[in-house]
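Shared between the two complexes below is subunit A, which pairs with subunit B and subunit C, respectively.
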Partner chain A sequence: MQSFLDVLASSSGALLNGLMITIAVSAIAVATGIALGAVFGLALTYGGAVVSFPARMVVDIVRGTPVLVLILACFYMPAGIGLSPGPLTAGAFALAVFCAAHIGETLRGAFLAIPSAQTDAASALGLTFGQTLGYVLVPQAVRQIAPNLVNTAVEIVKASSLLSAIGVGELLLTTQEIIGRSFKTMEFYALAGGLYLAINLVIATGGAWLERRYRLR
Partner chain B sequence: MGYALDFSAVLRGLDQLLWGLGLGLTMGLAGLAAGSVIGIIAALAHVFGPRPAQTMVRLYVGFIRNMPILVLALFAYFALPQFGIRFSNITTFAAVLAIYAGAYLTESFRAAMITVPHGVLDAARSIGLTGTGMALHVVLPIALRNALPSIGNNFISLFKDTSIAAVIAVPELTFQVRKINNESFRVIEVWLAASFLYVATCALIAIALRRLEAWFPKF
Partner chain C sequence: MKPILTIRDLVKTFGSHTVLQGINLDVHAGDVVSLIGASGSGKTTLLRCVDLLEQFDAGEIRLDGEPMGYRVEAGRRMRLKGRELARQRSRMGMVFQSFNLFPHLTALRNVMLGLTKVRRLPVAEARSIAEHWLDRVGLAGRRDYYPSAISGGQQQRVAIARALAMEPRLLLLDEVTSALDPELVQEVLVTIRSLAETGTTMLIVTHEMRFARQVSTRTVFMDHGAIVEEGEPAVIFGQPESRRLREFLSSMSQ
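The block that comes next holds the complex of A and B.
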């Protein structure tokens, strides 16, 4: 029976690869999620009935569905219309949509929390809606949602472990494969847990630093 | 492109789906109940306890909240039996859910405890309550009521997290949906149905919670 360190030495390359896929897929999902979430947030707040209603539907359905179901749905459903995205594409898409729905909702809350005197003052200055958005509303809303953004990023990293269920070779699936060969169940699940913890602590610490750095004085 | 929707496979499996939904709700409720006990104790320890207890609670919350629940579940189900700790997959997942929920609920209860108005605490002191008496008879009842909305949101996300039990072959809703998916290949219908059942259940829970909150007057 090999020792834990022997197995670790021989499988460190695979593990590192899995870790990189976890980080990359989470980063892509968060970046896409922020962009798409901004669209949702604007549509929900300033869209008027015609635009905000479909956005509301999408956001509510995504938020009411478990992430695992979103991932499985994005993986299996496209086959019905003759598409076959790989597990990585389907999984990243599912995580991005999940991220976008959450950010859209928090962004709506942040926009609504900005006192209407701010928009009044902006229009008194003759700013167009686009300028008001860019110079007045967005900077305030971003500060408001920053802590939430960090939480969402942590949630996405955690949710990326569910991609193992559709066969994406990320950290958890790689860990499971190593355990399947070496039977070092306890050690490698603990290691995987420690790595997730490390990624998330980096995100949380970095987020807290950014918040301090850009705090209004 | 001609995909004709046909829900007959879903309807044939409706019994299994609803049974799975019931199992998910049961696990969610069990996790919420046990997690609330953990959360209340940990929050009391954090707010009223000595410094070492506060540190332990902070480590527990930080550890669990940054850990994927799937890793916890796989560890509990596959690694703990090596130490002779062996339970069925349903019990294991409910226990993991309780420990997971406990960390989030600790935060909810703690937030509710530290926002109890100072006037109330002064009043408690003026009638001679100290330490434990004040914590149990004054802070806790007010905190429990004020934490209700947050507990409700926790329950909804806990119920959604029960879908992850499918990975360790607990026959709850997601597991059943995946089974019907693999048997019938009605890929669009089954996942639409799955999403609908989860969304509808979450909406119903949310409505029930609003009722509950209205029933107990806010302090």
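The block that comes next holds the complex of A and C.
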């Protein structure tokens, strides 16, 4: 029987590959999710009935559905309209939508928390609504949701492990394959857990730094 | 001489409640007009209508002859589009009771925002104008402070600098000392007085009767959404004609 270190040495390439996929798919999901979440947040707050209603539907459906169900739906359902996204595309999309729904809802709360007097002051200066959003409302809302943003990013990294269910070779699936060959169950699950923890500690530390830097004074 | 601001038959309702019932008022260049009256008499609403922060139901507001907020098309009154409203608002300055500085920007950046984004001045020019106005209100040393790091009186002076830097035709002041601690009121009043002395045209809603009497060229008393009496401050405060003004003045002096 091989020792843990022997297995680790022979499978380190695969493990590193899995780790990279986890990081990449999370990064893509968070980046897309922030952009899409900004759209949701603006639509929910300032969209008026016509725009905010569909946004509200999407956000509520996504937030009310388990992430795993969302991932499976994004993987299997497009076949119905003749699309066949790969597991990586479908999975990243599912995580991005999940991320966007949460950010959209948080952003709405942040916008509503800004006193209307801020909009009055901006209007009085002669700023258009677009300028008021860009220079007054969004900067304040972003500072307010910063802690939540870090939280959501951490949630996405953890949720990315669910992509193993549709065969994305990320960290968890890679770990399970190594365990399947080597039977070092405890060791490799512990290692995977440690690696997830490490990614999230990096995110939390980076987030804390950003928060200090851009604190709402 | 033509007035800068003319208000004709201005009517404003909130639901079934008529807040302004046919206001007529002219403000000429260099005028300092103080609006006095009890809470709920419609002073602040009048100011917000002039600054186009509130819609109004009938009547007309003109700035330098230009109808504000609405255009008439085939006999129908239409509210102007956002961009037009923004352009019209940029020609007036407004200072609010609760300062309303932008908390994420330093004092200097608060003053610069309108200069760079509305007047589209180059950053260097905007900076030097903003520095000039902060200096003018006595806050040259506070330009890099965030609003939360300075006192209420200082915040209000920044707000005054922010409004004046836009070179407004008319400065609107809405109870600018009401939210201040008593010991901070004077510094703001001194600033406004110095503006009055240099010919800034102002429409001032205030509860500071002594200040209104000293600083204004004309005083307007409002009650229940209507102008009851107007004239020189010495007359309004010295020989009030109507019973309602006498009652109001005596209630303020208690």
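By definition in this document, the second predicted complex is superposed on the first by the 215 of 217 C-alpha atoms of A that agree within 3 Å, B and C clash if a C-alpha of one lies under 4 Å from a C-alpha of the other, contacts with A are read in each partner's own complex, and residues count from 1 in each chain.
As a working rule, a contact is a pair of C-beta atoms (placed from the backbone, for glycine too) under 8 Å apart; a residue touches a chain by one contact, two chains touch by 3 or more.
On a predicted model such as this, the values are computed, not experimentally measured, just so you know.
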Combined model on subunit A where subunit B meets subunit C, clash or fit: fit
How many degrees, to the nearest 10, separate the directions from subunit A's C-alpha centre towards those of subunit B and subunit C? 100
Kindly classify A:Thr32 by the partners it touches after superposition: subunit B alone (first), subunit C alone (second), both, or neither? neither
Quick one: subunit B or subunit C, who's touching more of subunit A? B
A:Asn17 in the overlay: touching subunit B, subunit C, both, or neither? Say first, second, both or neither. neither
Classify the contacts of A:Gln144 with the two partner chains as first (subunit B alone), second (subunit C alone), both, or neither. neither
Touch test for A:Leu127: subunit B only (first), subunit C only (second), both, or neither? second
Quick one: is A:Gln118 in contact with subunit B, with subunit C, with both, or with neither? Answer first, second, both or neither. second
Tell me the contact category for A:Ile81 with respect to subunit B and subunit C: first, second, both or neither. first
In the superposition on the shared chain, how near does any CA atom of subunit B get to one of subunit C? Answer in angstrom. 25
On subunit A, which stretch or stretches are contacted by subunit B in one complex as well as by subunit C in the other? none
In the complex, go through subunit A and note every residue touching subunit B. 60-61, 64-70, 72-73, 76-77, 79-82, 154, 157-159, 161-162, 164-165, 172, 176, 179, 185-186, 189-190, 192-193, 196-197, 200-201, 204
Residue numbers on subunit C that touch subunit A, as the complex places them: 51-53, 82-83, 85-87, 89-94, 96, 98, 100-104, 113-114, 117-118, 146-149, 159, 162-163, 166
Hey, which residues of subunit B end up touching subunit A in the complex? 1, 3, 63, 65-72, 74-75, 78-79, 82, 160-164, 166-167, 174, 177-178, 181, 185-188, 190-191, 194-195, 198-199, 202-203
Subunit C partner contacts - residues on subunit A that touch it in the complex: 115, 117-118, 120-129, 131, 135-136, 139-140, 143, 216-217
